[in-house]
Amino acid sequence: MADKKPHDEHSHEEEMRKKHLMLDPLPRGKMNEMVMEAMLEKPTWKFWVVFLVLSFIVAYCLFYKWYVLITKGQGEAGVMRPDYWGIFLVNTVFWIGISHAGTFISAILRVFKAEFRRPFTRIAELMTTFGLVQAGFSVLMHMGRTWLFYWLIPYPNQRMLWPNLHSPLTWDLLAITTYLLSSTMYLFLPLIPDVAMARDRSTGWRKKFYRVLALGFRGTEGEWRHLHNAMNIFAFAIIPVMFSVHTIVSWDFAAATRPGWSSTIYGPYFIVGALHSGMGAAAVVLAVVQGTMKNMKYFVRGEHFDAIGKLMLIISMSWAYFYFNDYIVQWYGGDKWTRIMLHFHEAGPLGWMWFTMLIVNIAIPWAVLWNAKWRSNPWIISVVGIGINVGMWFERYLIVPVSVAINRMPFTWRLYQPGIEVPMGIGTLALFILLYMMASKLIPFIPVWEVQEGQLAHEFKKFGRETVVSVSELE
Amino acid sequence: MIRPDEVKMSVEETGKWGMTINQDVCTGCQACVAACAMENNISFVGEEDSGYGRSMHWIRIERFWEGEYPDVRMTPQQPMMCQQCGHATCEPVCPAFATVHSQAEQLNLQVYNRCVGTRYCANNCPYQVRAFNWRDYQRPEPLSNQLNPDVTVRRMGVMEKCTFCIQRIHRAQDTAKSEGREVMDGEFTTACAQACPADAIVFGRVDKPETLVAQITNNGRGTKHLAELGTLPHVTYFKEG
Amino acid sequence: MSEQVSRRDFLKLAGLGAATTAILTGCGPASRYVKREPYQQMPEYNLVGQSTYYATTCRECAAGCGLVVRTYQGRAIKTEGNAHHPLNLGKTCARGQATLHGLYNPDRVQGPSTGSWDAGIQAVADAFKKYKPSEIAFLMGMTPDHLYDLVSDLAQSTGMNAPLRYGALGMFESRATLSKAAENVFGQAGLPWFDVGKAQIVFSFGANFLETWLSPLAYTRGFAGLREKETKLRGTFVQFESRMSATGAKADKWIPIRPGTEGLVALAIGRLVSEIRSGAALPAFANVDPAQVADEAGIKLATLEELASMFVNSNVLAIPGGAALGQTNGLEIAEAVLTLNALSNNFGKPGGVYLSALAPNQEGTSRPASPIEMYDLVEKMKSGAIKALFVHGVNPIFELPKTLGFEAALANVELYSFATFPDETAAKAKYLLPDHHSLESWGYQRVATGVALPVLSGSQPVVSPYYDTRATADVLIAAAQAAGGKFASALPYKDEVDFIQNKVASLVGDASGSFSASDTATFMARFQQYGGWFRNVESLIVPDASKALYNPVKTTKPSFAGNGEFFFVPFVSPTLAEAGANKPWLQELPDPTTTVMWNTWVEINPDMAKELGLANDDRVRITSEAGSVEAFVYLYPAIRPDTVAMPFGQGHTAYGRYAENRGANPADLFGAYYNDAGDLAFAGMKVKIEKISHAVKNGGLSRMESLMGVYGEGLGGEEH
Amino acid sequence: MIQKFFNWLKQPLGLIASGIVFLALVSAVVYGIWRTQQAPEQPIQFPHKTHVNFGIQCLYCHPGAARGPAAGIPSQAKCWACHNQIVKTRDSALLAPLKDAVLSGKSLEWVPVAIVPDFVHFNHRPHIAAGKNCEECHGDMTKVTVAQNPQDMTMGWCLNCHIKNAGDDQEKLVKLTDCGTCHY
């Protein structure tokens, strides 16, 4: 479907489109070599220092502190009446939010055939799985008797007592588990050709490792066809799962009888919020990968950041819409307690948090991301991305412990002061980074076959004197 | 508000056991709080935790201020405990069925065995009357000699709350049954009502019109807290007698 | 090689297995590790697996409420009120409920300091012999109980000093002042009893009758009666005081008047009323000018006139008490307020003023020692006139104001303490011979006030003694026998129970009582079963107030010691009182007015605090001329700006882990000033306040209430 | 070195060794779990069968069962009241702990046998009143020395019987299956 636009009328749109297509193709073998090189590169001392520091943080802040929490009780955390929920649930929502970007990038953009997605689908999908691990940990930390967590799992026990299917937490558990399983599958399917490639290019234990993972993939026509079918089915199937999971997370709040929480718009609002933090995190991760791993400058380019930046801008705008919609509808509702709570958000002791949230979530993205040059710069976009993540964490903090401080019994109102949650939250962040670091040494970060597929589909064709880009339909 | 008698009420709305609290005579003396703690093996938590909203009181006495000095007035003391709602908001949100509605007694139960400590129930309780075992609070020996054998001693990580002294309900019913009769009004009462020096708290069967508590409940002057939420609470408050 | 490896592995595994086993063993159900110990010998009336209930008397304060204690397998489980007891009719206060935390307190005295009881008894006997009788003094708790009778008998027949009864509660109640005022107004001493329950309107001048005052349960029941409106009009209640007490909080009208002007206000109201009624002021009220009084009291004349118009057509019960009596002019205040009742002519009528009934085996009124009598004792100790001091049921180092110098005077005497708890005084004792806890003891107690019937409340052990303690009565009887001579003949009893039986013998065969028994054994059995004996005859004494309105009432200006800028109003913590600080659940009960737990605060008017730059939870030093204490600031909306208030009950330096080094004791600020009845002018001080440090996060007072929700503090703006 | 060890593990002897190690591990864990379920030894090997076979009723020694929640353990005085009068048992070595306890005034520390899980209340009285016999839950005491618990006292065991007993009586079923009937 070559465009037949006159030369002088090359639209801006066309230019932009071209940019994402990586029209400087390299041979498959060369790209494979580059990806393998990036993976097998001997870690520098810096890598090890960071790795050891993170391992220490994970061991101390996550596991040791968790041991303390389990043996001494939730009193170690900052929770109390009325703030029965604290940072653990903030982190849970936050990490689930982060995990949304992966699916969004690889599934939705795949379905919509956004070509710029190709090099970084893997990196984004890893974010889904690793983020969900942190979310799972956070929710387990939150439970008073976490060793009995399996009681929430729907299995027919001795008395055929199922979990309470009225409870949003049960829906939550089902949604998160489904999401974790399906996103892991969805991470794994496109990985198969790449591990097969890695299997063929490595020796020793790695070869065995990849042989197991590759499931005997040889790249025959039939195998590819099956793989494509499976990926398409999953891409379509995982989208409703992704939308449902954060909607259900939002129901934990929206279904409760609390001022400020019982809001009908929470479902889409939470999803947009999740995408907001997720895209921000994706930009940061991409920038780090591009900056630290060998050969990545070829695969991850300014134009990719540009595309992500545009997405971030539009998501920031939708988030702003949903946030103020929620705010104004609640305010207009006129409920006494809700009004006090909304006022408390901005004028209470954590008012700075409310204003920071608005600045980093709305003002800064809007001010920066409109400029293509700025948003193509990995440094700038990762600063914006970090800001958005901080802002979105603040947003969840305001929704959970700050909103919970205000209820219908003013005699009990009290401000939450975090305790052991802080180191444990840092521990989950460290584990998230650590998992990425380990994955970078074990898994090909760039889906070479997908990149090449794009490159094959798009090439320069000469029509007379004119060179145009052809984009062929793949399916 | 209390509905007229001709309106047919569901069993959840009528309830079985009910309580009335006369705020006009409540002096805030804390006898009910102490009696509750002694009857129900409630832990004390110490200065730091109690100051941080972690006290385990199953009943607390609220009071506010009205006006400015010198025309300042303390609002009538308001003992708050589990309202044993007919439609309790705590019940549907527990994923583990740890807080369930007793069909037999029309009470909100907290089944400690099932509790995994998500604290959703407490979060969702509009009355904020649930107490969580934030730690394993210690009772140095020999304080444990005082523990009531009819009530379990809770451990770290479970939620607890006022039970309307269900152990006393069971004992009275058991005694009555062994004597082949019904439980009589006033035969037993909750620890708080038994201690209350001003008789501000009255407890009994609200579903039997001849009982004292039913008569007070239905005199039309009482209010139920946050009744607009549709929780159908079974504690009725009287601000001015 | 291979065998070596596997062997080593096995060793490791064995270790691992042992560790796993140890861990897993700790994970079984908790009840797995309980051992069950049966009774050696099942006590009488006990059944396996069944609770047994014993009636006894509460000893947490001197009121003498009846308790029924539930025991199970030899342990006391729960205290409830004794429904048959006419004083409390089945009700209890928080302190009564928490008695068990005293019984099973981890810090109790576990045995005599002498090692064996024989040595302890010998030490007491030696003291009896070593010192002249006039050199021996007994200091006892406020309760008029069997032990007081026993020591009185001993003192009477041996020439020892008559035992003194003292308690901080008595000091704050100013019992001597009430008794003296009754004597001055009615010509008859005695503890007044105010029938709040049947009154129409109550004017309370500082009386904190819903807290710890005289007989809190009886007065609370009276208050419920005042408010009852099914059978009558709901009664009105007006409170005059400078700081809103838990009692004042229940008032329909709370009038903040300057401390020390309560008497003037009463007289001014009296004058206005008598003028409205008859056009002229009665002689009793002739001395005061209402306009001037309003000015002095810091209220509007209109307020006084409004109150007078309330008064004119109704019967008003006027009650003096609390900090109003703790002034240098406390006696005049009490007299003025008692006189005001004469306008309603309610003496001896329902809803009026009576003098309390005497207990069945009581001859004549008796009241606890006033602080000035305690001061005499301290002086005698200092001068060496008293060489051996026996202390039971009271903790004078804590309960007496520091300024009296009791602690220093102890250096001159040999101290014998019978404390069940290692309090400050017990720590100074040469011999510590612990008595049983009250729930482990025999006894009886006269009910001093609060009930129309004469009541002798009975005590019996509900559980066997937990520690190696011994009844003080038994120790004294044994020591008297060992000392021989007139000591032995003063106490010719086998033991404590024998003594009690002897003392109640006069009631055996009395048919006017709650039960009657023809022989001592039956009487004692019923006495224990019902928790006491009471005469079914209303025996309140009707005071004669015929002259009250025709003698001008003296008005003296109160004098305040010290040059501070604030009036100082100490009040007894309603939940802790003087001896509750060692019970963890009492510590965790929120104060009825401030909801503070576990600590001491100082109440300041918020506007005044703003002026001084003080905020909630700031640490301040309160200084009087007698001393200084530190406390946290509590911005209290219902206190005069020229007044600060502090609760009494904390500030122990000993007294077990829950009380020690917690909070401050306002009694350290009291100066040695007395009113005309010999009661301490504890509210007659002026204090200075200086800030020590700012409130620190998580370092302030433990409050049940929310600063955000109740005061809008930190909520942001004026929204709430 | 590690390589060598792995190689060694792969040969048959190594595989057998690994198997042994694995089995040892598993059995250690199983042993540990089993240990948690073992009660400590009773102070006296009380022969229930002897007493029951003499025709002594259960409620003679455990009368609380008919009256309230706990069946109770008889006081030592009750035991000794009989045994003191039987020459054979008065000086029997088997009963020495009882004699010592009675004479010294110390308590025998019996180990609970029939225990319910935590946070559960069991009341004997209604069960006896409903016509249950002791042996239906506690087993046949004519056959055992030290009492043993033949039941796994789980909620399922309780409820199965409750449901069966309620039959078609809906009200009874509600009462007997209500969480609050046992958990408080």
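Observations on the structure shown:
Order of writing sets the labels: A, B, C and D. Residues in every chain begin at 1.
Note that in this section a residue touches a chain if its C-beta (ideal position, glycine included) is under 8 Å from a C-beta of that chain, and two chains touch if they have at least 3 such contacts.
Since the model is a prediction, treat every value here as computed from it, not as a measurement.
Centrality by C-alpha centroid: the chain sitting nearest the overall protein C-alpha mean is B. Summarising the inter-chain layout, the chain whose CA centre lies farthest from the centre of chain A is C.
Centroid to centroid, with C-alpha atoms defining each point, chain B and chain D lie 36 Å apart. We define each chain's centre as the mean of its Cα atoms; on that basis chain A and chain B are separated by 45 Å. Here the spacing of chain B and chain C, counted between their Cα centres, is 30 Å.
Chain A and chain D, compared by their mean Cα positions, are separated by 54 Å. Taken residue by residue, chain C touches two or more other chains at 30, 698, 704-705, 710, whereas all remaining positions touch fewer. Touching of two or more other chains is recorded for residues 409-412, 414, 417 of chain A. The multi-chain contact residues of chain B, meaning those touching 2 or more other chains, are 52, 60, 62-64, 149, 155. Interchain contacts join each chain to each other chain, per the touch definition above. In the complex of the two chains, the chain B residues touching chain C come out as 24-25, 27-31, 33-35, 37-39, 44-48, 50-52, 55, 57, 60-65, 68-70, 72-74, 77, 140-149, 155, 191, 194-200, 240-241.
Partner chain A is touched in their complex by these residues of chain C: 697-698, 704-706, 708-710, 714-717, 719-720. Every residue of chain A that touches chain D in the complex is listed here, in rising order: 158-159. Interface residues of chain D, counted against chain C in their complex, comprise 8, 13-14, 17, 20-21, 24-25, 27-29, 31-33, 35-37, 39, 62-65, 67-78, 101-102, 105, 107-112, 115-118, 124. Looking at the complex, you find that chain B touches chain D at residues 100, 102-105, 107, 109, 111-113, 149-152, 154-155, 163, 166-167, 170, 174, 177-178.
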